[in-house]
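As structure tokens, here come the structures.
One chain, chain A, links the two complexes that follow: it is found with chain B in the first and with chain C in the second.
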Partner chain A sequence: MAAIRASSLHHRYQPGAPPVLEGVDLELRDGEAHAVLGGSGAGKTTLLHLLAGLLRPSAGTIEFDGRDLTAASPAERQVAQVFQFPVLYPALDVAGNLGFPLVNRGWNAAAVRRRVGEVAELLSIAALLTRKPKQLSLFERQLTAIGRALVRPDVALVLLDEPLTAVEPAAKWRLRQALKTVQGELGLTMIYVTHDQTEALTFAERITLLHHGKALQTGSPEALYEQPAHEAVARFIGSPGMNLVDGEVSAGSIRCNGQVLGATAAADGRCALGFRPEWAAVGERGVPVAVRSVRALGTLGGVATGLVTAELGGQAIHVQQRLDGPVGSQARLHIDPSRILLYRNGWLVTDATG
Partner chain B sequence: MRANQKAWLAVAPVVLVVAFTAVAPLMTVVNYSVQDIFDVHTRLFVGLDWYRETLRDPRFLEALVRQLGFSALVLALEIPLGIWIARCMPLQGRMTVAFLIILAVPLLIPWNVVGVTWQIFARPDIGLLGAAVTALGVSYNYTSSAFDAWATLVLMDVWHWTSLVALLCFAGLAAIPPAYYQAAALDGASRWQVFRHVELPHLKSVLTIAVLLRLMDSLMIYTEPFVLTGGGPGASTTFLSQYLTSMAVGQFDLGPAAAFSVLYFLLILLLCWLFHASVMKRGDAAA
Partner chain C sequence: MSAPNGKAHWSLYLYCLFLLAPLYWLVSMAVKSNRDILGGLELVPGDPTLANFVEVATNPAWYGAFVNSLTYVCLNAALSITVALPTAYAFSRYRFLGDKQLFFWLLTNRMAPPAVFLLPFFQLYSAVGLFDTPLAVALAHCLFTVPLAVWILEGFVSAVPKELDEMAAIDGHSFPFFFFRILIPVIRGGIGVTLFFCFMFSWVELLIARTLTASEAKPIVVAMTRTVSASGLDWGVLAAAGVLTILPGLAVVWFVRRHLAKGFAMGRV
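Up next is the complex of A and B:
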């Protein structure tokens, strides 16, 4: 295991080509389960390749336990990776696949067999050891690929590149559980790259959100949800994402569409107002909104909840709330004033608590 | 019953086409092979006599041994060489296109022209290859030395057909997802292991096709040795097809030639089937 520190990583695939990564900083504690979350084209896979040593960054450094390994080969880094689809050596059986990295490092046959047995036991694939990849289900194949990533006891970092993509939906949960259990038991430093926030939020202790080649925020799942550092984070996390409406601050009050929504210590000027759908309610108090639709989401604790889509000053917003009574087309919106977040130039205004 | 009749009607076109293109000609040959034909009205049923005679004919057996030796030799050279060339090619970029075009050139040349080209190319007096080898002090003459004739023929076939293997293997290599190479690099695999455990398994199906095509084609080779050596010197490069032609067209021995043809056809069928079955069986065992 190792603590990993990547500092101001830049990468472009060809000189003159648009940059894929622009100054990404990433820090992982030893034994941390870390997720890198981002949409397609955010640079997730490039970041993994840089960490694995499959690519050299255009600029920036990568340190493992304080050692600069920016120029080191994949084998020197003791890095293992699980890919989007199960990558197995077709001619080798499961035991051969699991033992492959050990054989390559000169382990003797008895030691390889013992270690392969341990890993197979850990992932409950001991019964499959003599099967060839073709005889396995997708789930079993990916489990074997995960096993091969874990087989080296000295592995410094395990990279998971959307490992659940190819697995049938029913098996996704089982595979994620298996990963999480193994990560905890072995204390592995793991990076889990995904575009699926549910996977990231349930797997990781900390998440880094990557957007257009920049790491916008690193923090606990709660931090990313409650205090998104950037509008892109606010929109990406949550389903639906955070509401962001145009507003302004003047003389200590937050205003939208001429109405006062709350108070703030932030400086005067235009800004975006952010609030989660469940931090607001459509009812009899607050500012007037035009309700566009109400969709029932189900019942929670015997009370129906729904998603109200409304227009606030011509901007669509979503509100998630209990549906105790009928919601008219003309109603009022109340936002918990202590939870309104202010964004200027895309970034969270941090001195706005008020 | 009526439904069955309709089904027969539906497959009738296919049955007709196959009957005229494959079954009828083949049956004509089979028909000839069991008769001794003197003229249109005089024929004699001889059973399997022609088959017995052919199988006891030392010239047939010699041609058969030569044929098998030739096929084994060119396959043993072309398959590894084709894989090696494909591995050396850049997977993408402008150079790839250039390589592909150069590789495709030998495949586009008519077989006759290949024979004529090499006939001139290898001449010890004026041919570039033959004269160069002779100038190096090596005694080389494909018209008088059986060894030289074989070497020239094998070289010509390798020149002509390695491209096919290389192109097929290139297509196979290009289809391997990069993740396999990345995984191998992370697992600390050597170059040989990358070839053995990543490339070779993924090339299995294209290599099966390549071997089958080259096996069938090399067993049927006719034009090039006919043009280059005419089967000589002596009968040292007379392969099955050439011996068959001299028997059927030269001597007009229709009965023995028909029996020969059937045996020849069955031989190619048998060898290809044996190869395919062994590959498939191993595939199943591995599957």
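Up next is the complex of A and C:
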């Protein structure tokens, strides 16, 4: 296992082509489960290829335990990768596939068998060892592919490229649990790339959000949810994402559409106001809004919950709240004043304590 | 799938009978003497003999022709696969300037009838001393089989996920190891299908084979068209040679029969 540090990685596929990565910094602690989250085209797979050594960055450095391996081949880096859909050597059975990386490194047959047995036990695929990939379900194949990645005890970093995409929803949870267990037991440094925030938020200790080739924020799942550093993070995380409405700060108060929503220490000027759908409530108090629709979300934790879509000063917002009674078309919106986040030029204003 | 109804069954049998009739006639001629063949209509050979086959097997003019044919067919298949495998890999995996045009251009080679190339081949091979050798025919056939092989193999290579390449690289394998030990076993069905098509083209092709050979490297298809002797046409021996000429094709089809369907399904064949 190793701690990995990537500093100001730049990459473009051809000279003159638009950059795919622009100055990405990434730090993985030894034994950390780290997720890289981003939409399609954010540069996630490119970042993985750079870490694996399949691509050479246009600029920037990659260090494994302090050793600069920017120009090193994949073999020198001792990394392992799990792909979106299971990649196995079709001619070999499960045991052969699991043992292949070891045989290739000159292990003797007994040691290979022992190690393959351990890994198979860990992933509970010991019963499948003599089967060919063709005879396995997609789920079992992906488990085998994960086993392949874990089989080398000296692996420095395990790269997971949306490993659950191909697996049916019911098996996703089991596979994620298996991954998490293994990661914890072996203390593996893992980087998990996905566009699915649920996967990232439940798997990782820390998340890096990648957006158009830039790492906007790295932090715990809570930090990304509660204090998104950038508007793009605020929108990406959460379902629906954070509400962002135009507003302004004047003389220490946060205003939107002429109404005072709260107080702040931030400097005067225009800014975007951000709040999560569940940090606000539509009801008797607050500023007037026009309610557009109310959609029941079902009963969450014994409480009938709904999603209210309303207009605040001509801008659509979503509020998630308990549905006690009917919501009229003209209502009032109250936002927890201590939780309103201010964004200027896209970035969070950090001295905005109310 | 329900069982085919009786009518469809019978029409199928009739169709097979129709297809097999000339083949049956050939086989029955091969086991008759010239006198019986010319004697009159005989559905089942009355006095079967293997003399015709013995003649083909012992006369150097006949078995030599078989050896010549097999030599250039195998040479051609080996050359085509050797050239086409890396080419197909490159077309499948790399994007480069004009790749699509080049790929299509490969096919346009096959749009010209082989007769167009007779004169340049004849003149060129005469000049470099390749005329009347199996290698000359094998090389000339490559003009047609290599594009075909690239076209078929590209489909098979593209069906292999790119991640397999990446996984091999991450596992620390060199490119040659990946290519020979991982990729080729994965697409061996496709290679079989390709070999089949190269073989079929080269084995039945007459025009180029005839033009580029004289006596030394005379192939079997040519030998069969030049059997008129002073004593007239040797019907029985000719039919026996014909039967033997069909056998290698049958054998090859037998070996790749399971992979052929896959090739057809890919639309590359």
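Odds and ends about this structure:
Methods note: the second predicted complex is superposed on the first by the 351 of 354 C-alpha atoms of A that agree within 3 Å, B and C clash if a C-alpha of one lies under 4 Å from a C-alpha of the other, contacts with A are read in each partner's own complex, and residues count from 1 in each chain.
The rule we apply is simple: contacts are C-beta pairs under 8 Å (C-beta built on N, C-alpha and C of every residue); 3 or more make two chains touch, one makes a residue touch a chain.
Fair warning: this is a prediction, and the values are worked out from it, not measured in the lab.
After superposition on chain A, the partners chain B and chain C collide with one another.
After overlaying the two complexes on the shared chain, residue contacts for A:38 are found with neither chain B nor chain C. Legend: residue contacts after superposition of the two complexes on their common chain; A:213 is shown touching neither chain B nor chain C.
With both structures placed on the common chain, the touch criterion links A:135 to chain B but leaves chain C unconnected. In the superposition on chain A, A:79 contacts both chain B and chain C. Judged by the touch definition given at the top, the superposed model places A:90 against both chain B and chain C. By the touch criterion stated above, A:101 is placed in contact with chain B and with chain C alike.
Note: residues 49, 52, 54, 73-75, 79-81, 83-85, 87, 89-91, 100-101, 104-105 of chain A belong to the chain B contact set and to the chain C contact set alike, using the contact criterion stated above. Considering their complex, residues 49, 52-54, 73-75, 79-81, 83-85, 87, 89-91, 100-101, 104-105 of chain A touch chain C. Of all the residues in chain B, the ones that touch chain A in their complex are 177, 179-180, 182-183, 185-190, 193, 196-198, 200-202, 286-287. Contacts from chain C toward chain A in the complex involve residues 161, 163-164, 166-167, 169-173, 182, 185-186. Considering their complex, residues 49, 52, 54, 73-75, 79-81, 83-85, 87, 89-92, 100-101, 104-105, 132, 134-135, 148 of chain A touch chain B.
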